[in-house]
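Next come two complexes built around chain A: one with chain B, the other with chain C.
Let's turn to the complex of A and B:
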């Protein structure tokens, strides 16, 4: 029998390298039962690698993993992890898109078998969804591929917390809120606290320092593959966390930028309306940064695609490039190198007659790698060798490097760390000052503060039109919910 | 060391090694007698395989579900119509060639229209359309075999220093296709679409235009192959395309192109085409009966595909 205060998971000197990239350089950690353990760090600091080791997806090059006092390093695999009660919610969602919600639940819960499994799977996942995300609006018979990324994330989370024969003793959440809007994120974090108070252990990885500080009992900061700071959450502040991660302390987002005048002077370059009977229409003027706000999945992405496609009824004055947020299904070409993934958006620039000049395309990708800080030895590495946040940076480089007048961004900061976010915000402001127009869908309030004008979406329609000076968190939230809800 | 490693990583390597191995095995069995002639024949027949496989490669690279099963019917239709129109007259050869290519293009347009406008999966669209093309060929000349013009027949069987002229022509064609695949916007577009169609659209690639061009290109190459093959074999026969259905796909896959799309290479097509022809020759030489020959052909193709994936094939 193990003592309840003994660590449930103990890592000793765990190391892991991917080719030339050293992802983990000797990490030792203890996780106690009944605690929420926060993990922060830049893109590529090694957080996701560490979690993949814990969940058995990767084998450490050296070091040991103990669960409940038992050394499981040899032969550790996802199946062993699940048997020991270790569950993981991945940043790249791992649901099968062609199966229903209930069928996906069955996959990780093999105990549901025999006649009537479908009914039991429905009950299992449905109850857990109701418990974690009341009012989620997901049917257990929905095909997962048809759900928005936020709802897929909810299903994935509920599936990890659901219990059949193997108990859920440790739940690892890798960027769980990056695809969720603030309301759903709040529900999840409340559930995490309830679960932890019931004796479970949660590892929470997030770039949103507020939710880390507010939810976790202890926090570890990772940098360059190692843990550089580890303390009780009360021992950290937002600024000390940022400092430990090794980036410049965050400056307050540029306050009202005195650019309201653009609306009057600059020509209108985009005018679009969602296909709904009662809606305001969206306008963007040259050089503006226009925010699309609201809860996630309220028609913002559809409007961006409408603008991208120059759809009928939409007036678009210029070429459009898109930054995908759902990078697996909308952005990444998985068989290609980083260079090929970046240059695909601007291939015409590298034509000599009919033929592509690969050297110029590679030089272009190299320049953007430096400019946006993609963590990789060179741009000829496969795109999948990058961590999620660094893949996202490559997608940014693709769109910003493209010869486009208008850039539409579909919640593009998922999985991007604090320091990089600040740099990208600055880049967006520079490009806007040079006359590019941005349409920016985001569910994060901090990002809306970078916008000149904000439109709030609800149920597919635009319900509020707020200039920067009138935009407050309260007004955005107020418009996001129906008056009768 | 790293150069050797790079070579081992080349997707076309296994097809070429396979071709070399079966050729050597045949030569060993016959003590080297006639192995030059075997190679020359392999180059000729391989050239016909490669013409259609080039088109099939671009189609398969478009991604899961994309395949052109109308190649045999298209070859037959282009072959019969052009032979009958030329009627054996040498002066009509340019017109016959143009007609064969035009028929191919029209077949491609039909295929893509079925796929795009009626939203029929490519496998079913091209297979069902091929019944129509095949029937059109039967109706056109009532099954009569019209002889090709003599200069065309001479051209398709000509040799320069022992190397079939048609093989040289197709090597040049393959070089052009290689450049198109690796160094043009079109080639990049095809590979991008094969990896992720939605991402390709959102990266600014004109997906439907490229798909249309690919199906038309594939059918036009099938038309060209039908024209040349009819010239080579003394006229168009209604079953002339038969063996090209499976072999166009086998050559592409053995050559190291991904069946799942998004990854292709041209050198492997030549290696695989030679391999397929030499394999059958080898089994004939060994005196294997028809049944055994087919079983062994199937087994060896499976073996090469597994070897080519280095045992790490992901499902």
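Let's turn to the complex of A and C:
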């Protein structure tokens, strides 16, 4: 019926506004079968809105959506999208935590029903997991709520690629690698290539530019609700992408240099050891930014919690504040305003007798909003009105505003855009210069370059201790993997 | 995992162990209950409570709470003892109408995004008022077939035990094992994901509320079958008993984590707790408090087990 080179999805002048905010300003795009299409841009550039339109969760205000040459604009909904083979992997996971892996497969594949459905669901999801993430170690009878966030992400991705009666013609991946370690991410990207070569279409949204450049055939850069650049991936470089996004191109942080001497002069404020037999111990001196590296989930978070709790056997010289990585579950109070979310970390400062002085708390939030650059008209808006990156900034404001000497950060930059990251890095360096100490768990190489000292974790233990001067990507990677594996 | 028993297994064993503990205590205090007749008497009244608990479980599964189930069961009991006995057609129509009304409540709560606690608290007065209108003074008569069913004396195993096991298994098969039940539970775990996958949350909520209404109706009918007559206040305490039963059985208030087998066991434990306290010759005034104490003990154990689980 359709020519193989015809676009599978065609958007024509699609617009979408939320109140006064214009989230999409007339986007036109063609997605061809057999291509991987990259989408990059700041948080708030309109990527998520575009993806919600494609998946039928939002209706465009104007413009048209065609799938396989058929105009589906009127009455487009998630059901219609699924029927046309459009699948979506959302950034905040959409598995049911109370169901098993196989049961979750049933939720998105209504065709699995009747006698023996459980066996078929197991086979479907198990086989797909094996194909995309060989060696995943997930049982199809595991309750998803018990799985680590990385494994949940794997299940979600495998579920989207699985085919029953409804085919998977277009798979949209929103930040699919943000909670995967580099090995799993590599497996996923390899699968994306295989799938695309088999004639499928993938829309890949990511903040990791290397990933986009290495995997996609074409890349669109979004800014302020429109597509500002669209070309073959070979036509872009890392710097040209960043330039098109409109944020400052990354420069090597100079601040870390010349601070190596801190170790010799400044007093030690943290000393901690993971609870493993063979491990180095971690030390942090006053004013240092200490990086916790390694693949994801190798015991970094546990050590941060140990420091935060002042656990036995851990020496911590000062008050500790935490910046949570899993915003939705550990970070924000979703029903509260921005102001309440920021000031909760330091309520003691605003006590007036035994009552809370709300004016002072609000003024404090306002001050931090300015200082940290949270993009909102006023701090009384609900926290959920902010984009992901700005919510994360509010969490930084909460921790930095608290009277804490030591700040522990649990991979706080997950899914945050490049511009925001640069602002936060600068802020961290400022605060460190004022004598605060940072413990920073991160899975991204670029962030480690902002640290004065890096400890690499593997299987719950610290296996390498690298001062900034000796730290290279190669050494960190080398330490992250067992020599015999 | 350390130790011979995994915390997960321990947690799922907690409801049956609590039931066993209470049963053993009763047998110890009053050995004569350890007979066909004794068990029949002990567990008779647990059947309508178990049915009401299952009704409550369906509501809790979709993250709502039903504060009207007691009033609803009372109303059903009054209708069963009057209309269903005198004019069966009208009675059946009225009961079917009540189930539809429950489905309607589900739709209202979902569409208007109302807190179910408020809606059902209001409805509890409506049900109670209707019950008083149907049966102003205690009385009425149970239809003979219901009476006959509830006083069945099967060989070997007392009827209440067969009824409880049958109920638990049927509901377990439906909600825990069937493909449909999986979708219903998923709606409690992550409603947004269900919606994105193309399921109608409205239909799911209505289904769950209708199921709750259906089991509420069964509960009222079973109750009248045992007591032979009805009264507008007959089942008011079922509201709290049913919630406690679900929680005691391992269910949780949010997140679609439920267990029908546990719920039935929880309901029986609470029903037996009353008898246990009578055998202790405790003043009946203390019963509610003592049931609360049992609930607190079991829940405290569950928290301890969960803590052990996160530590391993």
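We take it that the second predicted complex is superposed on the first by the 478 of 485 C-alpha atoms of A that agree within 3 Å, B and C clash if a C-alpha of one lies under 4 Å from a C-alpha of the other, contacts with A are read in each partner's own complex, and residues count from 1 in each chain.
The working rule: contacts are C-beta pairs under 8 Å (C-beta built on N, C-alpha and C of every residue); 3 or more make two chains touch, one makes a residue touch a chain.
The shown structure was predicted, so the numbers you read here are calculated from the model rather than taken from an experiment.
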Subject >> Fit-or-clash call for chain B and chain C when the two complexes are aligned on chain A >> reply: clash
Subject >> Which of chain B and chain C A:95 touches, first, second, both or neither >> reply: second
**OP:** May I ask you to decide whether A:78 touches chain B, chain C, both, or neither, giving the answer as first, second, both or neither?
**Re:** second
Subject >> Contacts of A:87 with chain B and chain C, given as first, second, both or neither >> reply: neither
Original post:
Is A:113 touching the first partner chain B, the second partner chain C, both, or neither of them?
Top reply: second
Original post:
Of the partners chain B and chain C, which touch A:191 in the superposed model: first, second, both, neither?
Top reply: neither
Original post:
Quick one: which of 23-31, 95-103, 113-121 or 167-175 on chain B sits on top of chain C after the fit?
Top reply: 113-121
Original post:
Between chain B and chain C, which residues of chain A are contacted by each of them?
Top reply: none
Subject >> chain B - residues contacting chain A, complex >> reply: 179, 183-185, 188, 191-192, 195-196, 198-200, 202-205, 258, 262-263
Original post:
Once bound in the complex, which stretches of chain A touch chain B?
Top reply: 305, 308, 321-322, 324, 329-336, 344-345, 347-348, 351, 354-356, 358, 398, 402
Original post:
Touching chain A in the complex: which residues of chain C?
Top reply: 177, 179-180, 182-183, 185-186, 188-190, 192-199, 255-257
**OP:** Can you check the complex and tell me which residues of chain A touch chain C?
**Re:** 55, 57, 77-79, 82, 88, 90, 94-99, 103-104, 106-108, 110, 112-114, 117-118, 145
